[in-house]
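By letter and in written order, the chains are A, B, C and D; residue numbering begins at 1 in each of them.
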Amino acid sequence: MSAPGRQCKLVEPQDLGRLVTEFLPEGGLLALGGLFKQNRPMALVREVLKSGRRLLRLVSSPGSGFDVDVMIAAGAVAETYLAAVTLEDRMCPAFRGAAERDEIKAHCVDALSVVGGFLAAANGVPFQPVDAWKGSDVIRHNPLVTEMTCPFTGRPLHATRAIHPDLAILHAQEGDIYGNIRHLSTMTYADQMIARAAKRVIVSVDRIVDTDDIVARSRETSIACNYVDAVVHLPHGAHPTGSFPLYSIDEDHIAAYATIAEAARKGGDAERAALADWLDRHVFAPETLSDYLDMIGGGSRLAELEREAEAL
Amino acid sequence: MSRTKDCTPRELQAFVLSKELRDGEMGAAGASAAIPMAAMMLARLTHAPDLQIAGEMFVNPRPRKLYDSMLDDRALGACEAAETFLELFGHSHRGLDFFFHNGMQVDAHGNINLHHIGGTIDAPKMRGPGAANISYAHTSRRFYICTNVHSPRTLVERVDFITSPGYLDGPESCRAAGITGGPRLCVTPLAVMDFDPETLRMRLQSVHPWSSVQEVRDKTGFDLPAADTVPETPLPDSETLALLRQRVDPEGLLRRA
Amino acid sequence: MSAPGRQCKLVEPQDLGRLVTEFLPEGGLLALGGLFKQNRPMALVREVLKSGRRLLRLVSSPGSGFDVDVMIAAGAVAETYLAAVTLEDRMCPAFRGAAERDEIKAHCVDALSVVGGFLAAANGVPFQPVDAWKGSDVIRHNPLVTEMTCPFTGRPLHATRAIHPDLAILHAQEGDIYGNIRHLSTMTYADQMIARAAKRVIVSVDRIVDTDDIVARSRETSIACNYVDAVVHLPHGAHPTGSFPLYSIDEDHIAAYATIAEAARKGGDAERAALADWLDRHVFAPETLSDYLDMIGGGSRLAELEREAEAL
Amino acid sequence: MSRTKDCTPRELQAFVLSKELRDGEMGAAGASAAIPMAAMMLARLTHAPDLQIAGEMFVNPRPRKLYDSMLDDRALGACEAAETFLELFGHSHRGLDFFFHNGMQVDAHGNINLHHIGGTIDAPKMRGPGAANISYAHTSRRFYICTNVHSPRTLVERVDFITSPGYLDGPESCRAAGITGGPRLCVTPLAVMDFDPETLRMRLQSVHPWSSVQEVRDKTGFDLPAADTVPETPLPDSETLALLRQRVDPEGLLRRA
């Protein structure tokens, strides 16, 4: 499948720990793709946690939830630059608890400051002008933002600074061994922009496809190989978030976590031990993706999620 | 056309909001948007067939049923075009005709707080989820506040933090900030509020059949002016309710508690 | 095909003159899509010329050629904001002649100033920062550009001003009656950005497709309906430029024009009359697209160009 | 490996440039790019299989033959990804490993003029086509100048207008302007020139077999320093020429006058 002499960017799952450690320093800025409960790079999030990197600073497309909550619960996070952090039908317990206990610095940012920052970095310029912030307290507390004057009109407006993540982790449905990525999902959010903004990019894909197939539908390539450092074949790598049209969101899994994490937030040692146990069973103990998938219900549960996606 | 008394609060909220949307307009809702999505879909099926649902990265979605979420493939179904945060960045500057917001706290001037209650943003007593898009509140021509609860904790005199601006502290502060759009209505499970054009404060417009002026006032954390006779919020006729239930919300998400 | 009550944006070719006059004022800023010899909206260019609008200011994706040369030859242009103006294997005679005789103001701009201007307008901000101009005289003479200081670092850089064309004309392969546009060509250049930047947008398409077909492949919609004011069904509407994969570039037609226009540039009354005659026969005389297509060689020539595209 | 004498000037230009490109690098050419495209494709087939052709809106094109143009579907053939001017904007800031330029005028310091000859830009005696991308000249690590003619009108002491910067007026002016990249070679139908690291002026590196030091100097509009013995530009061996003719340029575009 590989052309002679061309660099293959497909890496084995067991190499991920080494790559994460190489690309992401202690205290580094990590960017997460997808949005809320779709296309979140959950298998890669678990690899980051297993790598032992701590004091991380997190940035994401403007909607995050389960993934960052798990990372905070695992104690790997020092700062967040996250616009909305929610499980949609309920709040993120670890995020909320850590912010209230001042264990993380939860910066106050919004969609335009984050997207503008990715856009500036992707464009190769130090900032992005923004002219759509009036009356909100978010701007008064936003470390990404400063006031400026339009060089043409003299009118006051704002600038948001370029965001260059040390490492971006993304999940997509398909990719080839050279790192050409194709989303089959309708929504791709900020994934392309994040890939263009980040210093290093690792993408997990549900399927590896042949490069001839990529070439046959080149306009559908969502992230070109020149932005990608490594691609890894991790089927169901977005679980419990969805990877449409292949598999849907495992709401039960997310809800079960949220209940345990919320109890830990409110409770005592026993509740915190239960959360630690959940993290151990779902993040640290499974040696392989297959071990993880067995833990969350195995083939029958995965088939249910696939059927749910198919029925949409 | 007969009236149908067994309409639920969330169905009524969707119906009230649907009547606000005019044919040919373009708008959207962010996260947690089952009621706004129902309102937009119902408006399309009734009086606004050319309503354009766009501005949040999908163009004219065709959901087969309602979900609590709104920004994933599941909740949107098929659509005519997929956009990304790049295009959303531009829409956020240009604004939409209408947008929908909910809030952890909503105050008398329609300001919305999703960030913290008590303390400060750096040392919050209770940290909320924050918000993605805070720009549509003032760049759009108008927006609607749609809450899941009506309580003195939700509807407060002044929010602790302005996530998305309503009318700030009234006409003068809006002028100073350059705010031209703003909330049109606040639609809760108990009542419909609009804003006094003089003071830009909320006032009671109508009370849902299952509530009363007294109950609404008791459950509102600020003084709520009202006319001597407050009308009852009109319920959908049976044909409209049938459209809502059969075409928009076949699984009855809005009928659940 | 049209849903009850939904606004149909499909217009008839005979309505184009009225629409152009409505959207584009005398002296207005007109943007052209495509690049060099691909996806240029040639049938719409001819409609603009027939509408009689003059003193136009032209902007384009950074590579233009035949289309703008014909507009200049027809005397409709006052100013150009065009980066490269070339037929690739030879220069554009009317552009060159008009610039040398000072009949047009040919502003000195480059790709980044134009693209940055479209990007700023599409983003809804008054300017785009640029940090990639060193040593070139283009910047010293570029009316779109000013110097500025980075609000974060204090470093000197440049800004290019937002470009909001009064009207953009684009050509694509497919569209539906509501204005959802789908390029089948691999290259789409700046078409989407121009559509987002312009006040009004008219798109000619080789084929009208059903909206269900658009919905079935929504990630392939290149320009969403909310950016489009009118779509018009003009098969072969890009001729003599190419509309891949449907039909290739009519190099012979472009070369024949270039020879006549070059002779007019260098020559006297006879040569200028020959160019006027060419313009009359190809632009002003043909009442319909079908008349035009007969003039340039009819079905057999079009079939050749289709075969050439198919063979690629 | 036997040498093949019937190699044409344009084929030799492509061969010379192909040897400059290193495996794993990323680069592209703009318009009028038959020779650069041939150089990139030949490099891939010989010593640089991992050469990434990207930066001008297509990623790793697979042309079946050469065209004079480069930025259309016809000339590119299939590719791995299609980009737009949005992505090109970012590439232009980050720069490429290598880029190719041609010029209406090229001067002793490798500055390129495509705008006007004589007069001023506002009142030009002769107005050129201008250029799209002027940024890659200084943001890329290096670039190559590849001309279609070698004449005193093309190769001048100082261009009338700097469209794309080479080494400006030498080391001091480059430092002042913050220029770090620059031209590596100028490859014409007659010779290969490189740049003196001290003065950053062009000097003769090799002369093609069909020309001579005298002819090259006569046809160059500025003084061209050279070693006492100027080597002949090495021709491709027969295998390499066969690759060029059979795989890269099967229709012989580079063999035409």
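Methods note: a residue touches a chain if its C-beta (ideal position, glycine included) is under 8 Å from a C-beta of that chain, and two chains touch if they have at least 3 such contacts.
Small disclaimer: the values here were computed from a predicted structure and weren't measured.
Contact tally for A-D versus C-D: the pair with more C-beta pairs in contact is C-D. Here the spacing of subunit A and subunit C, counted between their Cα centres, is 39 Å.
Separating the CA-averaged centres of subunit B and subunit D is a span of 60 Å.
We define each chain's centre as the mean of its Cα atoms; on that basis subunit C and subunit D are separated by 29 Å.
Subunit B has residues 78-79, 82, 86, 89, 92-93 in contact with two or more other chains.
Across the assembly, subunit C contributes 119, 123-125, 130-132, 186, 188, 218-219 as residues in contact with two or more other chains.
Under the contact rule defined at the top, the touching pairs of chains are A-B, A-C, A-D, B-C, C-D. Within the complex formed with subunit D, the residues of subunit A that make contact are 3-7, 122-125, 176, 178, 180, 196, 211, 214-216, 218-219, 221, 223-226. Put simply, subunit A touches subunit B in their complex at residues 35-38, 61-63, 82-86, 88-89, 91-92, 95-96, 99-100, 102, 106, 108-112, 115-116, 118-119, 130-138, 141, 185-193, 242, 244-245, 248-249, 309, 312.
Within the complex formed with subunit A, the residues of subunit D that make contact are 23-24, 26, 49-50, 52, 54, 59-60, 62, 78-83, 87, 89-94.
Those residues of subunit C that touch subunit A in the shared complex are 119-120, 123-132, 146-148, 150-153, 155, 157, 159, 161, 183, 186, 188, 218-220. Those residues of subunit D lying in contact with subunit C across their complex are 31-32, 57-58, 64, 68-69, 71-74, 76-79, 82, 84-86, 88-89, 92-93, 114-115, 121-135, 137-139, 161-165, 168, 174, 177-179.
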